[in-house]
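Labels A, B and C are assigned to the chains in the order they are written; within every chain, residues are numbered from 1.
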Amino acid sequence: MSRTAFGYLAAFLLLLAAPFALYPVLLMKVLCFALFACAFNLLLGYTGLLSFGHAAFFGVAAYIAGHALKVWGVPAPLGLLLGSAAAAALGWVIGSLAIRRQGIYFAMITLALAQMLYFVFVQMPFTGAEDGLQGVPRGSLFGLVDLDEDLNLYYFVLAVFIFGFWLIHRTIHSPFGQILKAIRENEARAVSLGYDVAKYKLLAFVISAGLAGLAGATKVLVFKFATLTDAHWNTSGEVVLMTLLGGMGTVLGPVVGASIIVLLQDELADKVGSLVTVIMGVIFVVCVLAFRRGIVGELRALHGRLTGNRR
Amino acid sequence: MSEIFGIPIQALMGQLMLGLVNGSFYAVLSLGLAVIFGMLNIINFAHGALYMTGAILAWVGLEHLGIGYWWSLLLVPPVVGLLGIVIERTMLRWLYRLDHLYGLLLTFGLALILEGFFRDQYGVSGLPYSIPEELSGAINLGFMFLPKYRVWVILVSLAVCFSTWYLIEKTRLGAYLRAATENPQLTQAFGINVPLMVTLTYGFGVALAGFAGVLAAPAMQVSPLMGSNLIIVVFAVVVIGGMGSILGSIVTGLMLGVIEGLAKVFYPEASATVVFVIMVVVLLVRPAGLFGKER
Amino acid sequence: MKVSFVRMAVAAAMVPAAVGMSGGALAQAKGKISGDVVKIGVLTDMSGVYSDLGGQGAVIAVQMAIDDFKAQHKPKFDIKMVYADHQNKADVGSNKVREWYDTEGVDMVTDVLNSGVALAVAKVTQEKKRVLMVVGAGSTRLTDQDCTPNTVHYAYDTYSLANVAGKAIVKNGGNTWYFLTADYAFGQSLEKDASDVIKANGGKILGSVRHPLNASDFSSYLLQAQASKAKIIGLANAGGDTINSIKVASEFGVTKSQSLAGLLMFITDIHSLGLQTTQGMLLTSGFYWDKDDETRKFSKRFFEKAKRMPTMVQAGDYSAVTTYLKAITAAGTDDAAEVMKKMKELPINDFFAKGGKIRVDGRMVHDMYLMQVKKPAESKYPWDYYTIKGVVAGNDAFQPLALSHCPLVKK
């Protein structure tokens, strides 16, 4: 068995055993945000586009899935599907608009559009605005497995995460993924080679949005409600931080980054209150100034030096 | 009582005035952002947090040091500007040769640090800052009440905006600045200290934000959250105006403030989103912005 | 693409990394106190718009209640307290409470300022079969459509606020109203209940405007209220929002021709604004520190620790915790169903409520007071802010069971 497969197997076994040692709800939160960060990284690390409004997709999927589960009574998998589809559709709309500009303008436009959507959510009655969409039922899986049991839900969430992660892995290692990397490296050259760059960017945006939506819809299942926080720009900033800390442009970076940030916030929230924000800010600043490759990136570089391999 | 389109005159004029007040803040802040972007090619996400810092420093000055409003107007902007200079010298200058997005990320991190720190100190519910004696009260014009303080805000903001415009467009210092923006190497070759210009520009842009903060303190809630909500609207303003011209940012800021105010009268539900909707329209029709040049 | 084993292992270790949250939920069993500890969770707003109403003061009040109970009754079980800041966010509060129930064996949650948070926490409490004693939040929904067998709504609700002060204002001649409403569960509930009372007493609602919780600028909303020319501007908000609404109203000269009605006001608000601004305002409250000797005794002790007089919420927290602990002693267990049954049986007679009773829908019914803010000249000592204008008996103040939409009420 190759080292890669062995590594993945070891991780999988650890994840299977994890809920017996740690609080399952916390683990599920980590998995949701890890998926969110991986989806985001597809856009930032692999296509080179910084979207500062990704919470819009997380949030819209959360609300749509929540509504579907609570009001229409659909089963969980369908709820997830609806949420992801809504996020992907929104991704198409926002992406089309944002791609008209480059670089910093792109980032600002995504931020502004996400904020606009946030205000729309505040106004719409179905979101419950400040109160949030509460009491979303988890239901049962195919009528057999009761998802109200945290342990059962954990394995379902794990399955969803693995599916999303696999999808991203495949995308990155496909010819499509290679073109995205080419666009990131040197957009002008990609254009000169005849690629319809705008179309590729948009497609990457839509995939990223859809998977971010999957993460958001899953989160609703775990916590049983959707709130404005899911669509707030703070959440957009958090996912950027997770990816930056873990390592942009690496497959596992976002997972590592998300785990650390979620666990850190959970541990510190009670103890230091608002200083958590300060710590997030400090991590941002340190990463940008001195640690741009992120944890996984640095580890990879270290490994390269130790084994004499060239990247 | 007379009405226009079914809205009483008093309400309309009142909202228009409030719109001008908001527009003044948009103008001053987007001006600062434009100036910084012009020179450094960095979008200063910390602008909102520095505006908030200005307001909080004014409050601290009043509460603990007995420094009144008028002194704060004079003293706080340079202090904030100094903070900006420190930030630029110690952190931003390492990022100039990198992708501009890193500047955005760094300033975002700084914004979080500032906001989190003040939140920890003061909570989020707002610190009281009273309107200075000389400016309190309102003028009763018959068809509306005109609070003196709000009028002051509009006048002072306009004065500051146009002074800045004059400084950059019509003076020698401004000419050096513009030259350094267009072609740093050539300007440096002429013996002008470009890095110093850059540092001073950031400091000045940030001082403008601090100044806006002091202005805002008596009118709005001094709270650690006051900057973050405002800054995103200002970003939209900047995208609409285009970051090429100083005058463009001022005009766009004022205009959007007024439009927002009118929206509150005729269609209140949309007032929070109207600026963003306009941004979308501008993006579709004139992507470089109303006054912008494509960079 | 080659993926190094080192990286894999590191990543795999990261996910269930560091912080272990071990320990399953400490289940409750009939006839026993789980773990021989009764754990009480205080969920409140520590730093935001409502922090003065509960916040640190709530923690102090609950600790006082626990200490007093231990000293007076010497129970066989230990009593512990945990607390957290919900930041006025329903998800933060709800997740915290879920974690408390799952991993820390918390038996009862109290205070819960903010109706949005309270509604969310009520659902989690029902799911996990614990007890929730809401003291700070106001929405009548907690004992109406959204009642649960595990919720007690202790101090006040928006119905009683509207019914006491609202009615009094209308009867005084304030018959046209315009509402300035905080746009979430509490504000909407208060606006609705107040509107019902106003209309039932011959008044008219001329309009309303909604503002976000903790809004930064009230000028635009007050301009609209001014334009409506209503005699009364009803403030369906609380805490910092009420304070700011009143301040901006003065700035724009609104108070020259219209009156402000603070539908939910606390003594800390009056303290912040000063008597000059608030004199003559009518308000409803379930508690006043200076009402009688018993309230004064409690309040002076509280003042020593908190440096401010207790609000209705903080005093209510003390009373609620004491009631709960008494019920546990009587029932001999901390099993939620048993304790709830006992609480609905035992009468409540302490400084906070005389002849108080918890109804089948969870509503704690007790006398409510109509208060008027004193003129500056009338106030003789610090915190001497209110005159009690009238008492409304509990059964008259709160929504009658006959009108209730709560499924627990048998009709």
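One rule holds in what follows: a residue touches a chain if its C-beta (ideal position, glycine included) is under 8 Å from a C-beta of that chain, and two chains touch if they have at least 3 such contacts.
This is a predicted model, so every value here is computed, not measured.
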| item | value |
| --- | --- |
| Common touching chains of chain C and chain B | A |
| Remotest chain, chain B as reference, centres from CA atoms | C |
| Gap in Å, rounded to a whole number, between the CA centres of chain C and chain B | 39 |
| Interchain centroid distance [CA atoms averaged], chain A/chain B, Å | 32 |
| Centre-of-Cα separation between chain C and chain A, whole angstrom | 37 |
| Shared interface positions of chain A, touching two or more other chains | 122, 273-274 |
| Sites on chain B at which at least two other chains make contact | 119 |
| Touching two or more other chains - residue numbers and ranges from chain C | 46-47 |
| In the complex, chain A residues that touch chain B | 50, 52, 97, 100-101, 103-105, 107-109, 111-113, 115-116, 119-120, 122-123, 233, 237, 240, 244, 272-285, 288-289, 292 |
| Interfacial residue positions of chain B with respect to chain C in the complex | 7-8, 10-11, 14-15, 18, 119, 123-126, 128, 131, 136, 138, 140, 145, 147, 149-150, 219-221, 223, 225-226, 229, 261, 264, 268 |
| Residue numbers on chain B that touch chain A, as the complex places them | 43, 91, 94-95, 99-102, 104-106, 108-117, 119-120, 228, 232-233, 235-236, 238-239, 269, 272-273, 276-277, 279-280, 283-284, 287 |
| Residues of chain C defined as touching chain A within the complex | 1-22, 46-47, 84-85, 89-92, 94-95, 98-99, 102-103, 115-116, 119-120, 123, 183-185, 212-213 |
| Residue numbers on chain A that touch chain C, as the complex places them | 3-4, 6-8, 10-11, 14-15, 18, 21-23, 25-27, 30-31, 34, 122, 129-132, 134-135, 150, 173, 223-225, 227, 229, 251-252, 255-256, 259-260, 263, 266-267, 270, 273-274, 296, 299-300, 303 |
